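Heads up, the next two complexes both have chain A, just with different partners, chain B and then chain C.
Moving on to the complex of A and B:
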């Protein structure tokens, strides 16, 4: 019926191979095919850039060399990893129950905005100010997802659009703060808020990376433990598997959805404070979040719902990000990063689906088996198209 | 006297809201078309960008002199992007959310990259306003309300009427709804679920592309980066607000559009409030369209929950669920 479908199944029929659906999909295999999809997508992007006369592979290699060749490079990538890891952990937590939090950028910004508000208005010892900043940021992040979370949990309103719309509101609010109510009136040129006086203590041996880098690691460990050893973790996974069954099993599904969504916002919000408390980043402007939420989302999609996978994927994407800055100096606009992200995300999505199939050789079947085998063939081919 | 002022304010608000959200209207219709057959395309934001940038390229680089042809080129480009999307999610059954977001990102990135040397170049090939002239030309407000270019009439009247008629008054439309509600049943009576899903998501993408084309060929009329500015997401919200009914999308789009025109009017006239200066007010008003859109999404769901009788406003039952014969 559909021309495309019949073309695809014809192509499959003339080869001696056919696709067969796997009965069970192992998590490890799915992770490998997702990574394969992402790498394949990057190679594709590299080839396209090569065709437009830019040797992306060489430039990328230079970028990686710039990172791992020197301490400054490693620290540069680590600094970018912190906000990406925090937003990614939030998204990964929501994905455990199949809830999409696309608004982590907004929660991140609101967390940072709350931290600036506290930081520029509060007097006191540095440690106390920083703790209050972190608390305010956590609450602000959770508050920013409160309406979408309530709507999702109790009114079954799709959370994708509601969380995303609030990103635009958060960005406007940050712009307002930087140009309006908290504007630094002494700095005439740079339009940003006033600067917070305090920063987190540095990591031993590091020049610019603070103890903020430890926070995502601690959170990942805590989440991993919660999902491995506690009842609530098990309940969340049950809801992710089948919300209706979870309800029949006596789990308060709606309340769990609300709580988990608030936590995802809180983690992203705390990420905003961590970013703000790095030396040299103590004020906010409209460009405060360099699409960290977006990068975090891609990390979470790549990692599935594995929190250690988020750490690995986050460090990888942060390195990419840093290498991408080198790419930008070679005549590519910042926009191309978006396009590359789009291709990578498609690769991840296709990789995820690829784990569900295997290619098997078509075998000659004789006797009674032939009929059943053919039917099965036809069914899998239809499924593949 | 006061009534006249209110009437004037209302007319001028709605009058400028109509062209301001024609893009949203086109994109919402496109999204609704796909969603009715069960395909959720979150990439509207990217499709608007692609439709816009290819229309700009057609006019500025390929010398196209008719806005209709330029719009058609934008629509074709968006349809190609929509076809790639549809192959991924319908044929290969990849996650609609992931690939949709990928299309949003990829479309924004690609269109900004292609438009990078064309920022701010004024477009001369424009849609002309339909104005019979002489009849009402002494009343600016009435003409602002009534007279627009042809695309506006198509977006607000033509498309919703056609879509409503096809969906609810024809056998074809019944099959479309069946594909979105219960694909296994549609499949059983011989409707090709895969084929219909691909066809209507591509057609929907083309409509969204037309929205992008309209922006640069009439509304702005020039290319600037991130041209959609969230309108693609708003369109998706409008579909939810409308409860997947074409006519209600008009109300949703106008609601968003009047917030936008409130913002631009306030900025242009330097409005302020006793407790809020003009610049602060304009920051506040620029957040408002998104807040109002968010609240609007909650209305249908809230009305159902609070026990009001509402005619079916639920999403198509099979929305965003890939169809597979093996698993039905």
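Moving on to the complex of A and C:
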């Protein structure tokens, strides 16, 4: 039982009900409890806002209006969603194998850095430069996770530490490029690389959103198909479910781990290029990644490694962030905004846990559930002879 | 505290305990006296550990009384039991590896001072070791110690808490011969100082060497309690294994070239110790070779080395004359070797995955399901539905996770899956362990069907009844060696019981 589950069952001890773990959690229930958690959290936030004398209804209305009331809002949310979705998809892929890639921020930055390098040095038609930028970013993202992936696959070195620490190295490299070797000497800001001349084509009817928005959707669909209909997806899920069983089934577990980790880095790296190729974002500085990797990680964890869940969750979080920014301009302090983010994310996390339990009436006789497995086996084994 | 060797220290009267409706102990009486070493003997699953777990406060009995030194007790936790002077050393040590011996002995001990220096802990430990006459370097960290020394720390931990009745659960299972001899000396000294020692084992030699009295459990029922003096190994073996009526399985004598042939096979276990020594075995097509032996004598390693899951150290393994040892796991499966693994949950299936995915774990890559990269989803579902139906697996649907099925249904699924994969050889490790009678019978008939269809079957089981029932020929394993191979007609239960307990063929014959 999770710690939260055991706290809940302790609270329930004095009541005639108890918690029972579900054998299986259907996808629909898992989605509904998460939405319920988010709604519950917003109600809680509203009550607190009302109690502190603020007009909660006005604030929520302003938040919704900021996003859905105008095209600029929808596009603003979509622009924020792209990097979050890309890093989240990388993490979600690694989670299918129970590997925790915490380094998507670093892979994202290295992808963007490689794209800038290509973009400011390469001459040629825009489409060719953009394609080479995308390829370079993909390779750079994969390269940035290569060492953690080799260490994890072949020497069982915990990937959480190695991938996390490389984030800081990537950030330093970006700062160095912006202050040093690729510095834009003509720009007013001190810390910025030169600007890439090309941007991706815009979506029809959009002012600032480019076809980059389609990339995470295509990747999510591809991953969904891989895990639904291919032997590769089957093998990755088997490794994630039980590595010993994967070895027993003759799957090359270590090589699979290496390859999948490289892919997660590649997706995050490509995300960096997509971010860089939006109009107005064509240069890199130390603030280039507003911790998109962290947001992506939260999205992937809350989505439970479901790729469509990542899309839904990523769009939601990006909208929430965008609404938060607009609300700051309406006089709500940044601390309150962050507190609201936190409460809503916690609500979703609680919804994720709640999906795994159900409340049932306590029976007259409480079976003792805590029996050591081996002795239980011994007992049933006896019955078999 | 000290005893005269006749007054009981612990009495258990009419103890019954069931798990999930299956009786593990049925009205067992058990008595231990002060100053004695009492061997508790029985096959795997006989109820030895369950009985001791009740005495040590880990389980509560469904019925019966526990009387300690004349007072009836109702233990609700191991802490209650240790307060009453009963302490248990488990088969798997419960030590904190990065910490020192002195720290481990003082951990969670009410008498440990609240604020204390390393120096003081070491001094206290040394003083206590002196009193007990048992020594381990108190400043050493647990991971630096040999298994025998770790066990000594466990014993010291229990004694430090005032245990006067010491329960040792299969203490020699992890020890070398030299370490076991040292342990026996310690046990004798503790008993001489007035303590009771309950010694769980299934090794006959140890029973005779170290105990004053012995109790045999079989299928949760006490067979006998008697002084060790005058007891013979063959008598104990007979009581342990029983003489059950053998169900009717027609045995065959198959001649012809061997299908599976092992010659001079050696292999290491996970701890890097040689677990198979120079094993020679043959299994012919159309016969079941049963491997008898107590678990942990190299059977797991034998199954794994044949199925390419464990590297071969020396020797050769061939199937129909072709080298098997150089093949990959997948290639071994592809040429028609099925493997019902010993640990069906840990190795044989993915509990978090749907039943349909588990149904094809050993053949999803074959042409039947894989076209290039894509997996024929409908084909997998149809195959799984058919498998579930023919193996009579009870599951909500093939889309439900394997984890929601009962152990018996999981094993039915694995057994049928592997039987289908096995065209030439089926390796079945403890295939009926943990199953109820009906499920066990179904798995057994699956094996017999495979044999009758001309497949070679290697059956590993620690249930001697099962090996005798199923095996057309029977090989006995002890400490990684083959002690003897018999045709089923010549297999003598008592003789095999002796070989399983480590008596050599010559000793057993005399």
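Just so we're on the same page, the second predicted complex is superposed on the first by the 278 of 385 C-alpha atoms of A that agree within 3 Å, B and C clash if a C-alpha of one lies under 4 Å from a C-alpha of the other, contacts with A are read in each partner's own complex, and residues count from 1 in each chain.
Keep in mind that, in the parts below, a contact is a pair of C-beta atoms (placed from the backbone, for glycine too) under 8 Å apart; a residue touches a chain by one contact, two chains touch by 3 or more.
Please read all numbers here as calculations on a predicted model, not as lab measurements.
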More chain A residues in contact - chain B or chain C: B
Partner chain in contact with A:338 - chain B first, chain C second, else both or neither: first
Which of chain B and chain C A:230 touches, first, second, both or neither: second
Partner chain(s) touched by A:154 [first = chain B, second = chain C, both, neither]: first
Contacts of A:348 with chain B and chain C, given as first, second, both or neither: first
Which of chain B and chain C A:245 touches, first, second, both or neither: second
Those residues of chain A which chain B touches in one complex and chain C touches in the other: 379-380, 382-383, 385
Contacting residues of chain B [partner chain A, same complex]: 42, 46, 87-88, 91-95, 97-99, 101-110, 112-113, 116, 192, 194-195, 198-199, 225, 230, 233-234, 236-237, 240, 279-280, 283-284, 286-287, 290-291, 293-294, 297-298, 301-302, 304-305, 315, 324-326
Chain A to chain B touching residues, read off their complex: 1-5, 8, 21, 100, 102, 147, 151, 154-158, 160-162, 164-166, 168-169, 172-173, 175-176, 179-181, 294, 297, 301, 333, 335-346, 348-350, 352-353, 379-380, 382-383, 385
Complex interface listing, chain A residues touching chain C: 23-24, 228-234, 237-238, 241-242, 244-245, 247-250, 371-372, 374-385
Chain A partner contacts - residues on chain C that touch it in the complex: 17-20, 22-24, 44-47, 49-50, 53, 58-59, 219-220, 309, 328-330, 333, 339, 341, 346-353, 357, 361-362, 364-365, 370, 373-375, 377, 400-401, 403-404, 407, 432-437, 439-440, 463, 465-466
